[in-house]
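The same chain A turns up in both complexes below, where it pairs with chain B and then with chain C.
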Partner chain A sequence: MFAYIIRRVLATVPVMAIVALLVFSLLYIAPGDPATIIAGDQASPADIEHIRVSLGLDRPFLVRFGSWVWDVVHGDLGKSIFTNLPVTHMIAQRIEPTVSLMLITLVLSLALAIPLGVVAAWKQGSWIDRFAMVLSTAGFSVPVFVIGYVLAYVFGLTLEWVPVQGYTPISEGIWPWFQNLIMPSIALGLIYMALIARITRATMLEVLSQDYVRTARAKGVGQRGILFVHALKNAAVPIITIIGIGFAALIGGAVVTESVFAIPGLGRLTVDAILRRDYPVIQGVVLMFSFVYVLVNLGVDLLYTLFDPRIRY
Partner chain B sequence: MSTTLPSDYAAAPVLADVLPPAKKRGRVAMFVHRYPTIAIGGALLAVIVAIAILAPYLWTVDPTAIAPAKRTRAPSELYWFGTDMLGRDIYSRVMFGTRVSLAVGFAVAAVSSAVGLFIGLCAGFVRILDTVVMRVMDGLMSIPSILLAIALMALIGASVQNVVIAISIAEIPRVARLVRGVVLSLREHAYVEAAIASGTRVPKIIWRHILPNTLAPLIVQATFICASAMLAEATLSFIGAGTPPTIPSWGNIMSEGRALWQVKPFIVFFPAVFLSLTVLAVNLLGDGLRDALDPRLAKRI
Partner chain C sequence: MLASLRHGSFWQPLGGSNIMKRRTFLGSTAALGATLAAPRISFAQSSRVLRFVPQANLSSLDAVAGTQYVVRNAAVMIWETLYGVDSNFVPHPQMAEGHTVNADFTDWTFKLREGLTWHDGEKVTSRDVVASISRWMVRDTMGQRMKASLDAFETPDDRTVRIRLNKPFPKMLFAIGKSNAPVCLIMPERIAKTDPFQLIKEYVGSGPMKFNAAEWVPGSKAIFEKFGAYQPRAEKADWLSGGKVMNFDRIEWMIIPDAATAGAALQNGEVDWWENPISDLVPLLRKSAKLNVDIGDPLGNIGSLRINHLHPPFNDPRARRAVLMALSQTDYMQAVVGDDTNLWKTCPSFFTPGTALYTEEGGEILKGKRDYEGAKKLLKEAGYNGEKIRLIVATDVGITKAEGDVTADMLAKIGMNVDYVATDWGTTGTIRAKKDAPSAGGWNIFHTWHAGADCINPAPYTALDAGGDKAWFGWPKSDAVQKGIADWYAAPDLAAEKKAAVDINKASFDNVTYGPTGFFLQYTSWNKNVSGVVKSPFPVFWGVSKS
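Up next is the complex of A and B:
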């Protein structure tokens, strides 16, 4: 068990190395001179030269990659062209709202989507099953920011149940913090819920037709016991796999949701960086989120062994 | 030769129809009955494609014509969807925006399917390439696709063509993985082994045996890629990293309406409805195609 965990953790190192190499080489994929493109149309030759030096573009590719990796390993993601602050510093300033948003979304989505999927599978063909399927198709089709605007308009502007936009740090009280984040979380979570509910329903349908479920029923286990203990535990592996894979949609959606609800998180940082053509910040945020995504999926892989002891590599 | 029946022969009485005669359905009705999701999705998509093609003839005006005196008018008989903050007619902008969305969706689906198919076939057939290529694909898939597209757009600059490239790069690994998986499992089949044993060359094996079997899952995948590409284009444009603001696209209209959404929600509302309906149509089509082309997959998801 311990050896397996060590091996699995070590296996993420090459993946992260490839991700780093890809994120780094994006600069070179673009046709033409990256410094000129980043500087934009109105830049003076001095601006371009400044960007070229600050990004290290005057040095050869491998030398630059080597020193960049060295810096990243030491927690240095370079400096912003616009504010001249270290990128890690800027990320640290903006990380709380984003982590809060994602945590609430994650908890909310799991708490709603898994029971919905289980019940939909149990009552296959009923109105609740149809509702779950319609909801999940809609969740895949309506963009996150549209759901966000509708929720903000209905519950914020019209009903005035929650603040329309903005963010309150958790240090100023849990309730205001939660009130500000509940609508963004629902907007962001809908596609995630759709994904999880669909997989839960499909896997549960398969598991519920297995012999051991019939056996459990025959020996007198109650319906709830069958659904949530016998069946759900055996359906867990595909469900947590999709939770891990779907996390990418959560990361991408957070960038947009923060713009809609004016949450000063990493998403806002990214959008501002796009408008300011601040490439080092974009690169830093992309790299950080990719590492988070790899780590989430590492966690998912380790959870497999918890739910299904048969899995060993 | 004819046989005459005896006159006292008790013929069975003519029975009334026990079952009502089967309803005669036309071909179209039959298809709709069998594949309702394909029919609904396809019909909706056909309407939207028609809008894209016929945009100049649908009582639209120049979607880029600025009229500062008439800005942010609410929807009315004259301005069906209202006007934006520069006085441009939102109805016309939404109608013309259909073109950008569909073009990006179809182009990304085509480009990423073609490139992904090629990479997947190479990885499936050339063992030396397999490890390297698939590691790179895994790495690409570890970067959340919207962020990858944002980073690329920041580097290659705003244009419709670049939006297609940026979104395609994020989608290619998914196709490559799918194709490689199909190739590897097909190679184990007896008929492929037989073809190899009888000396068929690799290109012919690919053409005759592998491609036809890859086509069904590839088409389904391409449909879903088309849907997610349209969402991605709108998202990129919405945050200012997509289609250049001079071109009316649904994402751009919503992006421009952002500042005013509390007082003039209709600016965001109309393109949002069109975008959602279009993506829904393509998703329904994809669901239907998946169920129709591969009944085994229908149960899984």
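Up next is the complex of A and C:
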């Protein structure tokens, strides 16, 4: 197992290298550059060209890529072209809001979606099942920003229960922190919830029709015991897989959610950097996201062994 | 509820002995409801803190190297100018005590007022002034004219700067006191020595507010703190001039990219002032008893249909005039700001309505019924025979998207074959710099707009220049326009300036330097507990207070 973990961690290196090359190449061929944005609309073409040269954007692709990779392997993601702040500092500033948002979203989604999926499978065809499926279809169909606006209007603007935007660090109190994140988490989590609820229901339906469930019933095990001790554990592997895959969707959704609720997280940092063509920041954030994604998948693979002892690495 | 969670009664596995009990669940839910329902959130903030939503993200603070308005708006809190314009564009001494000048405007001497210090406690000296003007001169149009005739800077003492020129430069005070970027901001010598084409890396000024770099989260918030050692002038504040009395200890710029969220935050009292609400949300803001809504910048903006003069068919002035014959400013303005006629008017001029140089002479082509048939005829005379017109539209910016859609429709009406290239503003910025033929990745038309404050006279008005290869994008060339601009620079009085403006306007329409698509204004909105908000091309924070 330990050797497997080491192998997987080492495997992230070529993955990251490919991601780095892809990101750098895409940015290189994408139109637009930061010089135009720094100069502003009134700048002359000559001014913009001067700025391009001073930023080193006129250098050949390989020179720029080589210099960036050299810095990265030395632990330096570079500095923002606009703010002159180190990219690592900018990422560090934004990690807490994004991690908080993801954490609350994960907890909410799992806490609601798994029981919903289990109950829907148990009561297949009943109103609960139909309700669960309508809810999950709605989760898939309604865009995050629509849910966000509706929540902000009802709970923020009309009822004034929670702020409509912003973020309070956890160091300033758990309740203010939670107040700022509850609406964004619901908005972001709905699609995730829908995904998990549907897969839980489908897998549970399959498992509940297995022979050992019938045997358990014959032995007199109660319904709850069958559902949550025997069936859910055996249905866990596909559910965990979906949780891992859905993490990517969560990252994508965080970009929109953070914009709608003005949360200063990594999603907004990415969008702002892309709009300004702040290359070092874009490259740094994408590298970090891909690293996290690889780690999440590794975590998922390891969790398989917990739920299914037959799986060995 | 937290207690119930800790003790496991809120949620337990159904199969275990601790099952979820209906009453426990309902009790917990009720507790949650009570927790949420009981206190309404109080967003009351200190009257010493102002929370402001700027028009865009503040990505840098260098209003010399860059010309973004949002950067200028922040920079003028941190740094000051030797002279500063008032709301009539008259320059008044600001960091300077005053000046002396010889009869032919070639020998200027400025003396710094006493007690000026940088935010780090160092004294402001004449060496700082020379370094700052030297950097600004490289980037600014007026500065470049000044530089071209500069003999020498002299610093006889720590508070005196002498500027010797070999040609008269009567517009000196306006040049160093104007609010248009690049602004002639005075910075410490070590900062001002930064390459003028690179952004500064340190934000130490002498203005009424200090920048708190430690709390800066680019894209989210920027914090300005009151500079305790700042000595406001005795005169009443008026735009960049006078006593800049700060009634806040902190001004917090909250970057809220989503307009609906910014509107909700303002209505909820989470922020105090929103610089540029989009016109769609203005009716909603007006309904709120807690908010004021008014025109923010009385100088507004002039919409622009920018034509590439280098390639057919628009290398022929007749083709450019054909476009103006069909151009309906009413259509453009309705598309850009809607039906609220307080927000726009037609503007058959290259200059800002309501300002001294505004003239409609030469603008007849934009007046009256639009002549599509005449335009078609003129296009034919210009030799247009159905080539694709590459129209670059930045669809991520509401104004350019609206303008682009109207243009596509108008060009189709006069029989032009439109290639509508929908893209983002960043890409537009790159494409418009290309001089290649449209078929090789270049362009024929793109849209933008110019702040009215930039169009009050030829000095800050880059888009008016018709110097050919060195002109702004589109590279218009007209000796008549250039002569008019030179006449304006040399004009000794307002009458001569006005005459030059008429000549420029006529020549610009004749040449179709670009197509003005109309004049439009934008609202600003602030909480009623905030007072002292004035109309200005940039948000003026001095004199504003909060109860």
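Here is the rule we use: the second predicted complex is superposed on the first by the 243 of 313 C-alpha atoms of A that agree within 3 Å, B and C clash if a C-alpha of one lies under 4 Å from a C-alpha of the other, contacts with A are read in each partner's own complex, and residues count from 1 in each chain.
Methods note: contacts are C-beta pairs under 8 Å (C-beta built on N, C-alpha and C of every residue); 3 or more make two chains touch, one makes a residue touch a chain.
As the structure is a prediction and not an experimental result, all values here were calculated from the model.
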Open item on the list: Which partner chains sit in contact with A:A138 here, chain B, chain C, both or neither? Use first/second/both/neither.
Closed with: first
Open item on the list: Contact-wise, after the overlay, does A:L22 reach chain B, chain C, both or neither (first, second, both, neither)?
Closed with: first
Task: Which superposed partner A:L157 touches (first chain B, second chain C, both, neither) - done: both
TODO: Check whether A:L275 is in contact with chain B, with chain C, with both or with neither, and answer first, second, both or neither.
DONE: both
Open item on the list: Quick check on the superposed pair: does A:I226 touch chain B, chain C, both, or neither? Answer first, second, both or neither.
Closed with: second
Task: Partner chain in contact with A:Q283 - chain B first, chain C second, else both or neither - done: first
- [ ] For A:Y149, decide between first (touching chain B), second (touching chain C), both and neither.
- [x] both
TODO: Would you check which partner chain A:A262 touches, where first means chain B only, second means chain C only, and both and neither mean what they say?
DONE: second
Open item on the list: In the overlaid three-chain picture, which partner chain does A:I37 touch, first (chain B) or second (chain C), both, or neither?
Closed with: both
Task: Intersection of the chain A residues that touch chain B with those that touch chain C - done: 31, 37-38, 149, 153, 157, 164, 259, 271, 275, 277
- [ ] Mind listing the chain A positions that touch chain B in their complex?
- [x] 14-15, 18-19, 21-23, 26-27, 29-31, 34, 37-38, 137-138, 140-146, 149, 153, 157, 164, 198-199, 202, 205-206, 248-249, 251-253, 255-256, 259, 270-271, 273-275, 277, 279, 282-283, 285-286, 289-290, 293-294, 297
Open item on the list: Could you list, by residue number, the parts of chain C that touch chain A in their complex?
Closed with: 11, 13-16, 19, 36-37, 40-41, 43, 57, 59-60, 65-69, 71, 139, 181, 195, 197-199, 201, 216-221, 254-258, 260-262, 264-265, 267-268, 270, 396, 423-427, 429-431, 433, 448, 450, 454, 460, 462-463, 470-473
Open item on the list: List the residues on chain A that touch chain C in their complex, please.
Closed with: 31-33, 36-51, 53-55, 80, 82-85, 90, 93-94, 111, 149, 152-153, 156-157, 159-166, 179, 222-229, 259-262, 264, 268-269, 271-272, 275-278
Open item on the list: Per the contact definition, I'd like the list of chain B residues that touch chain A in the complex.
Closed with: 135-136, 138-140, 142-148, 150-157, 227, 231, 234-235, 238-241, 254, 258, 261-262, 265, 268, 272, 275-276, 279-280, 283-284, 287, 299-301
